[in-house]
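Shared between the two complexes below is chain A, which pairs with chain B and chain C, respectively.
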Partner chain A sequence: MKALAGRYVDLAIWLGLATLPYWIGAAGGYTSLGTRVVVMALAATALNFLLGFTGVLSFGHAAYFGLGAYGAGMTIKYLVPSTGLGILVGVAAGTAAAAIVGALIARLRGVYFAMVTIAFGQVFYFIAFRWNAVTGGDDGLSGWRRLPIDLGFGSIDILGNDQAFYYLTLAGFAVAVAVMAALLRSPFGRSLLAIRENERRARFLGIPVEQHIWLSFVVSCFFVSLAGALYALLNNFADPHDLRWDQSGDFVIMAVLGGMRTFWGPLVGAAIFVVLQDYLSTLTDNWMSLIGVFFILVVMFFPRGVLGMLRRRKATS
Partner chain B sequence: MTQLFLFNVFNGLIIGAFYALMALGLSLILNLSGVINFAHGGFLAVGGYLAYTLMPFIGFWGALAVAPLLTALIGLLVEFVLIRRLYGRDPLYSLLLTFGLAFILEDGTRYIWGAATVPFDIPDWMTTALSDQFFFLTGYRLFMVLLVFAAVAALFLLLNKTRLGLRIRAGSGDLETVSALGVNVRVLRNLNFGLGIYMAGLAGVLAAGMLGLQPTIGSALIMPSFIAIIVGGLGSLPGTLLGGLLIGVASGVVTVFFPSASEAVIYVMMGVVLLVRPRGLLGEEGRVQ
Partner chain C sequence: MSLLQVDNVSRQFGSLVAVQGVSMSVAAGELRAVIGPNGAGKTTLFNLISGFFPPTSGRMTFDGRDVTRLPPHRRVAIGIARTFQITEVFPDLTVAENLRIAVEAAAGYRLRPWLSQRAAREVRDRVDALLELGSLGAKADRPIAELPHGDQRATEIMMALALRPRLLLLDEPTAGMGDQETYDITRLVRRLHQDRELSIVLIEHDMRVIFHLADRILVLAEGKVLAEGTPAEIAADERVQAAYLGKAA
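Let's turn to the complex of A and B:
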């Protein structure tokens, strides 16, 4: 019965996302806002693979998001004007960096892990910020744009057509989410849950904990850098702030706000956060304070997140 | 060349003293309460701006004495109203809370005092160089280093010679036992948080005199402070002090040869320490896991 209800929820979510360009205008939004929601949802879901399902607190995911963004932008600007290759290079850069950093930190736990991820996150920010000639420094990487995707038998115009780019992003999201869901159902994913619930017991059962945490970190960062690459393509721009610690915090709050123990939570959280940020930044110059207050309210009153609360209410009634 | 080298080493020492002051406050809070105070940089800015506002009325010395205390008072209040509710929960939540707080403090200082850099006047005699040969050695810089060392010495005296210090140290090791022995842990954590914020406020006043004041002054100093803790070792205050000075001097020395790598070097140091000695130079065994 429960599985059936879950299937209906999945169906409703996919239907909603697939038809988004057709109803978001009526709801007061615009297509590229929808694209932003999907990109952020991808990043938050990927972070939650680590945060919610492995129980490891990473607070530096913006670094890999930003590497994806700069990787894509710089490839298109300096190397080959190809959207597909840009995405590929961005994802490769983010994942490679994550594999190295992950190897250094997989032994650390809890608050200490969080602190080290924050600190490492800033390395790439400084590089982007300082290496003016190549990255554009504080002004960001501009002077390039996404290009139509050439499929051989025809091309998809993702530049002029917002909807086409939305569907490209959604396709990326769908594949990523399907892979992560499959991983979580696999023995590997079950081991991650075991580590989250009781690391010592997992270790006694013979699960190589450090190796699993490392792999989970790399998988998570792989999809985060995909989100980053798509985000740069969405804006035709890579911003050093994509790499900064406040962006990492935004991803975490999205996951928590939606419900980090639920699979769809980060999507819900990303939707609320992105729409709210869009709305607040048109409303007042002090939106940063309001976002800060929002962080505090979420922590104080919705620590389980929207979906976590819904699920709990259903369980008690 | 020697002069340039000495200049940068001394500069690094000053910056390192700052990092250490910041990081010691962070470390105090982290060790006792398990909270990474992301808003530490925000409190630093508040300390600087409070001193800036108070100075016309009570002068430099008055502001130096009062502003950190006022900052600490705000810290006590924040702990009392917000942070204490999150003890014992997943560290994720306190991290997010102080994160939001950092946003509010930065935006709040910008709202009250404006986004532009405001000058911070220090007594005239401090701005002149002490000798022609060592032009960089102004009275203020020397004073700053001495004051930081005095503050650090006072902190270690407090921790080692007073009952409060004893309880903070004991609580950082095993809070449950300390509580069972009849110490009011709520008050202890509150005072400890205030103490940490006091150090941030003091760092803020000193930084204002050297760099001038702008709302983002805190967020620029907080990352190196994290690295100071990681390099020095979690759970060890002497380690934090060492870590701060070490990365400060290292970035100073590297500035001589590769100016653009002055920030990168501290991250490299962190990477090397994590690779060779994950618990940090003076870190206690078992703390990191």
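Let's turn to the complex of A and C:
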């Protein structure tokens, strides 16, 4: 029964996303807002692979998001005018950095892990911020744009056509999410769950905990870099703010807001966050405080997040 | 032939010497009890044998191989499994899921992103066999945190058994249990020892359990070996009576 209900939720979510460009206008939004939701949902879901399903809090995921963004932008601007190659380089850069940083910090736990991820994140931020000549410094990396995707037999115009870019992003999201879901249902995913549940027990079942945390971190950052690359393409711009600690905090907020013990929670959290941000920022410059208050209320009254709370309701009624 | 050899092992915490020059030899197929007053260093000795932390000095071999500095997961791989004084399981998961993680880890599947149908079926069968052995079948799909302490304990022991160990370390498996639960666990331990010829080291406070099960007993007090021998020898040992049995009675 539970599995069946889960399948209906999956179906509803995929249907909603697949038809989004056709209803978001009627709901008062616009297509590229939907794209932003999907990109942020990808980042938050990827963060949650580590946070919700391995039990490790990273406060520096923006670094890999930003590396994905700059990797894509700089490739297109300086090297080869190819959207596909930009994405590849962005993802490779973010993942490689995560592999190195992850190896250095996999032994740390709890607050120490979180603090050191912030510190490493800020290093990347300062590089992007200071290295004016290459990264555009404070102004960000502009003067480039996403280019039509050449399929050999034809090309897709993702620049002029918001809808085409939305579907490109959704395809990336779908593949990423399917891979993460499959991993979480595998023996590897269960070993991560074991670490979240009880690190000591996991270790004395023969699981080398540090190695698995490292792997989880790298998988998580791989998909966060993909989100970052897509985000830069969406904006035709890479912003040093994409790398900064407060962006990392936003990802954590999205995951917790939606419910970090549920697979779709981060998607729900990202949707709420992005839509609220879009709406509130037209009313006040102080939108972040309002989101902050909302976040505190959710955490106080629904500590399992919005989706976690809905699940609870259904289970008890 | 001795399976586990502990040679003059010590462990210091700051100025406290929790284990001091302890030596012990456990034969293959032996059931060894470790007893001693609170704070005697029994759990610390287990932590040393299982690799929770390294000894300050001394040496340990398992099956002739030096394991003194081997990390815990490598010791598990060569056949050393343990349970904890305070039950350590995966609280949010069901009994079957707890066992499944142990079975998959033991099968070397921990890095697999998928399993073949056949491997998945083998895992399931093994989980079922462990559920039956632990009399946990009826509770397989219950979240383990909801179950009584005795069932959590039984699950933890089954998780250790899932690893197909050659040496099983049980830290006070009957602590905090009622008479019936204590009896069940005692019977289970004896069955494991007799039917499977598993070597077991058992820390225990309950004298009935110890004298019922143990081939030999090691008595620790203040980190040192106070006495070592058969249950009959230990029962007759005056120093033991003074330091431990006397106090307990």
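We adopt the following convention: the second predicted complex is superposed on the first by the 316 of 317 C-alpha atoms of A that agree within 3 Å, B and C clash if a C-alpha of one lies under 4 Å from a C-alpha of the other, contacts with A are read in each partner's own complex, and residues count from 1 in each chain.
Basically, a contact is a pair of C-beta atoms (placed from the backbone, for glycine too) under 8 Å apart; a residue touches a chain by one contact, two chains touch by 3 or more.
No experiment lies behind these values; they were computed from the predicted model shown.
By the touch criterion stated above, A:Ala114 is placed in contact with chain B alone, chain C being left untouched. Here chain B and chain C are compared by how many residues of chain A each touches, and B touches more. In the superposition on chain A, contact of A:Pro187 is made with chain C only, not with chain B. Contacts of A:Gly6 after superposition on the shared chain: neither chain B nor chain C is touched.
In the superposition on chain A, A:Gly292 contacts chain B only, with no contact to chain C. When the shared chain is aligned, chain B comes close enough to touch A:Phe59, but chain C does not. Of the two partner chains, chain C is the only one that A:Arg203 touches; chain B does not reach it.
Of the two partner chains placed by superposition, only chain C is touched by A:His212; chain B is not.
By the touch criterion stated above, A:Gly25 is placed in contact with neither chain B nor chain C. No residue of chain A touches both chain B in one complex and chain C in the other. Contact residues on chain A toward chain C in their complex (touch as defined above): 182-183, 186-188, 190-191, 193-194, 197-198, 200-208, 212, 215.
Those residues of chain B whose C-beta lies close enough to touch chain A in the complex are 30, 34, 36, 82, 85-86, 89-93, 95-97, 99-104, 106-108, 111, 223, 226-227, 229-230, 234, 260, 263-264, 267, 270-271, 274-275, 278, 287-289. Chain contact summary for the complex, chain C toward chain A: residues 50, 71-73, 76-77, 81-82, 84, 88-93, 97, 100-102, 104-106, 109-115, 159, 162-163. Listing the residues of chain A that touch chain B in their complex gives 51, 57, 59, 104-105, 107-112, 114-116, 118-120, 122-123, 126-127, 130, 245-246, 249, 252-253, 256, 286, 288-289, 291-296, 298-300, 303.
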